[in-house]
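Same chain, two partners: chain A is paired with chain B first, then with chain C.
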Partner chain A sequence: MEVSATYLLQLFMNGLMLGLIYALIAVGLALIFGVLEVINFAHGELLMLGGYAMALTLPLVGLSYWPSLLVAVIATSLVGVVLYEGFLRHIGQKEFERSILTTLGISMILLYGMQYLFTATPMMVDTAYGFDGVEIGSIRITLTRLIAGALSVAAFTGLYCLLKFTQFGRAMRAIAQNREAALMVGIKPRHVARNAVALAAALCGLAGAALVPIQLLHPAMGQAMIFKAFALVVIGGLGNMTGAIVVAIALGMIESWIGGFFSIVWQEGAIFVIMIVAVLLRPDGLFKRGSMRVG
Partner chain B sequence: MSTYPKLEIIDLSAGYADVPIVRDFSTRLAPGSITTLIGGNGAGKSTLLRAIYGTNRWFAGQIVLDGEPIQQLGPAERLKRGVGFVPQGRCNFPQMTVAENLKMGCYTLPGRKHQAAIARVTEQFPMLKRKWSELAGNLSGGEQQVLETAMVLLTGPQLLLLDEPSLGLSPKTQAEVFAVAKEIAGAGVTVLVVEQNVHGALLVSDTAIVMELGRKFLEGPAREVRDDPRIREAYLGGNIKETIEE
Partner chain C sequence: MTEPRWTPYAVLVAIALLAALPSMTSSNYVVGIAISGLIFLAAAASLNLVYGYAGQLSFAQLGFWGVGGYCAAIAVVDLGQSFWFGIAFAGVVNLLLSAVIGIVITRTTRHAFVVVTLTFALLAGLIARDWVGVTRGPLGIPGLPPPSLMGFVFDTSARFYYIALAFSLIALAFLYVLKTSRIGLILKAVKQNDPLVESQGIAPGPYKLAAFVIASVITGMAGGIYAFNLKVIDPSFLDFYYMQTFLIIVIIGGAGSFWAVVLAGAAMVVLPEALRFSNELRMVIYGVVLVAVMMFMPRGVSGWLEDRRIAALRKALR
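And then the complex of A and B:
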């Protein structure tokens, strides 16, 4: 196979975009884990719902991208609130089995419910941007990919500022670091937990909405994501946000390069090989384990 | 001292899960007074403090703050009414800086009041200013205790509950902690403190309550409780007289 610089650059760009999407999901998962001590196995379905919300809104607004994206983010965030108020709120911190069974159950119900409503047939989602693109040097990138990348970076920046500089975000880190101290200063854990789930769901909605103009939309799209995202969160050092983002982007790159040079099936297994090796060698993850460390 | 109590506890039973630890407990705390809770391990001292702040389970009885029952309220609501609780040992946000921890202490205050409130406690505890950008988890035990007390003082409590504030501290730092408690009470705050250093705590207290197996065993002016032969035998190691007169 002829390997040109253009091809390598293309792989790099694809990997970066993919990694950023993974990071959006992993960060939300880490956020929910940090605040609620629950691993939300329905997290991938939030991404899928975001994708469907985007796909269903687009035809209603003349295929325009931004209003549909906004609707998708808000809708997914509301699903997050329902998820919290309806289910997660009733699960105690140490009830690990209940949390797994509940979120896994919700994941399945959403997956097959959407399959019933929309069939399992993958859908192409078209936006007003179509296949418009920009030439960067010798490669061409579609606008929708470029926007997806920029939105992810903007979302991380926003999240970082929120967690670092606002009482709203600091309260989330506070609960993750010491629940009793959070009560001591008057933080209401339930309000903060609901905010965290809504925020994490909004990030998933954003990821799903930005992803569907690039990839095919189907009800199982979240399934593949969740286990990868979980692996990313573990490798990144449970609860370490920066760690999760770095590992997610690295994974996007690795998958893209493996896909570019080997059979595509190797791509899907890479993360799990890395996870097992990482867990054996560094039980606490590659990065310092931390209760929602941000930087 | 004014005649009506800051806090009145009437026949309180509280604990965890299914069993009350504290049973039929009653007392009254005068405004601006310091009261020490004494008792062996498992006597229910910490359980009583948690019950007053609302972080464990209430079974029966009343907790009356400024004439209003508060036993049905959550901790955040009690905090709003002026109850502050510094739990035992390392109760801060270890991976946040001292500055961020103090910011969290301002959680219930409106934004415009944060700066003045933080300036006030850093003046009271200059160490906080020196360690401003350090992670709380990297401070010494005594410094963390000061930070935690400062975080609760930021909320502006009128009733301050301290659980073992001198635990694990050097004798010198312990003395500082008691001086701080005295100073806080001097400003009109009612203080209820659980202490393992019974001697040090009794020296600064007005009243002492002795608990045994979840019930009140004895209550009286700190001086009288200190001189009670049963208490000297059980908690003060007998030779208290000499130590006090040093």
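And then the complex of A and C:
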């Protein structure tokens, strides 16, 4: 097979888009872990709900992209609030396994509930943009993909500013760094945790909504993505958002390149092999959380 | 929880009833459910060893279950060995695999432990689907022959039932002995207070690893037998559904209590079949049960009962 520069560039762009979507999911997981020390097993289902919210709103607003996206993001962030207020709030700091099993149960209810309502058959979703594309040099990218990528970048920029410059974000970082000290200066962990879950859910909903026009929509779509996101978060160092983003984008690239040159087995398996090796070499993840040091 | 004094009699009666089950009913459907129940129970009880006693929430059991199923099937179909060899083969492969994985992951934090074991289970599923040369991909390996022993062929459900029963009883008896042994006590102590155990001069690492490996071997062999019960194995054998079933049995019974998990296993297998829900609805109900148990009685039914008992004692003393 002759490998042309165009083909390589195409692989690169596809990988970047994929990586950005992974990063949107992983950063939310890392955020929830940082603030609550909970691994949210229902995160993939939030993605799926975002996708369904998008798909169900689209016909109502004449297939226009942006209003549907907004609805999806708001809907999933509300689900996030319910998830926190209804369940995660009651789980103590030391009850890690309990949090996993609770969110696993919620994930089962959402996944199989949606499968019951909408059947497991995948759906194609069309937006007003259809399959319009943009030519960049010699490669062509569909507009929906380009928007998905741009949205992710915008979301990360927004998230960065939020965490860095607002009281809302500072409180979140404070809790993640040192819970007791944050309590002492009068930060309310409950409010912060609720905000963190809602924010993470919104990011996930955004990812789901942006994915819908690109790939098939089905109830198990979240599950396929979320397990990779777990691996990403572990490789990046649990609770480390920068680590999660970097690893996610790297993974998108790796998957895309492997997919371009090797068989599909390696594409899917790569992440897991990388994770096992990463955990073997650095049990705390590649980007260890420096903030946990005391004294 | 302390065992009631009549436990041995109850066990004897239960074994007698189970042994007589195929002669009491002519329905293959009932016997089929009983076979699944017995095999799931062995797998759930071994998950209880890892999670309930050693305190490690392992999702890798699903992977070992699948590896066991495939190893047994391949040993019989491709290598031309007997069913019994296949099951033993499944056990040995899982022994080696879990030892290698266990050495790596018992070093990590409990957060990472969950994710790594989960990933292993999913990786096993992907390999089953994509490594077409060995597993035959999505089509799977159909037509697994019924096992036979010295000319006697276990070709009907009622006959196969006795294989499942024997395996399940042996596995449960082994786990029970282990639980009451020194190893079981140390595992329990490790779960309750790891630093204290270390301060007593006991290294928890090897015990955690041992629990992980033993559970994997039993789960793998259970998977092998289950594959022959289905008479076909394909990637859906590694569906997350099985893991959820094992987990729910352990959680509802109460992680760390032997008999409660056994009873919960029986209940969770029989109930949904008796109520005849569609598969999706059943999983929704499992999810609701899981969330409800976690919210209201996080230590399972046995933990809840024990809390009630202690509360009653306190009240009486006051």
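Quick note on the criterion: the second predicted complex is superposed on the first by the 289 of 295 C-alpha atoms of A that agree within 3 Å, B and C clash if a C-alpha of one lies under 4 Å from a C-alpha of the other, contacts with A are read in each partner's own complex, and residues count from 1 in each chain.
Definition applied: contacts are C-beta pairs under 8 Å (C-beta built on N, C-alpha and C of every residue); 3 or more make two chains touch, one makes a residue touch a chain.
On a predicted model such as this, the values are computed, not experimentally measured, just so you know.
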*Touching A:Phe272 in the superposition: chain B (first), chain C (second), both, neither?*
second
*Tell me which of chain B and chain C touches more residues of chain A.*
C
*Of the two partner chains, chain B (first) and chain C (second), which one does A:Arg170 touch, if any: first, second, both, or neither?*
first
_One more residue to check, A:Ala231. First (chain B), second (chain C), both or neither?_
second
_Which of chain B and chain C A:Ile109 touches, first, second, both or neither_ = second
*asked:* If we overlay the two complexes on their shared chain A, which of chain B and chain C does A:Gly186 touch? Say first, second, both or neither.
replied: first
*Based on the superposed arrangement, let me know which partner A:Ala155 touches: chain B (first), chain C (second), both, or neither?*
neither
*Using the superposition described at the top, list the residues of chain A that contact chain B and also contact chain C.*
none
_If we count contacts the way the header does, which residues on chain B are in touch with chain A in the complex?_
53, 55, 74-76, 79-80, 85-87, 90-96, 100, 103-108, 111, 148, 151-152, 154-155
*asked:* Applying the document's contact rule, which stretches of chain A touch chain C when the two form their complex?
replied: 33, 37, 39, 87, 90, 95-98, 100-102, 104-109, 111-113, 115-116, 223, 227, 230-231, 233-234, 238, 263-265, 268-269, 272-273, 275-276, 279-280, 283-285
_Complex contact set, residues of chain C against chain A_ = 51, 57, 104-105, 107-112, 114-116, 118-120, 122-123, 126-127, 130-131, 240, 244, 247, 251, 278, 280-281, 283-284, 286-291, 294-295, 298
*List of chain A residues in touch with chain B within their complex*: 167, 170-171, 173-174, 177-178, 180-188, 290-293
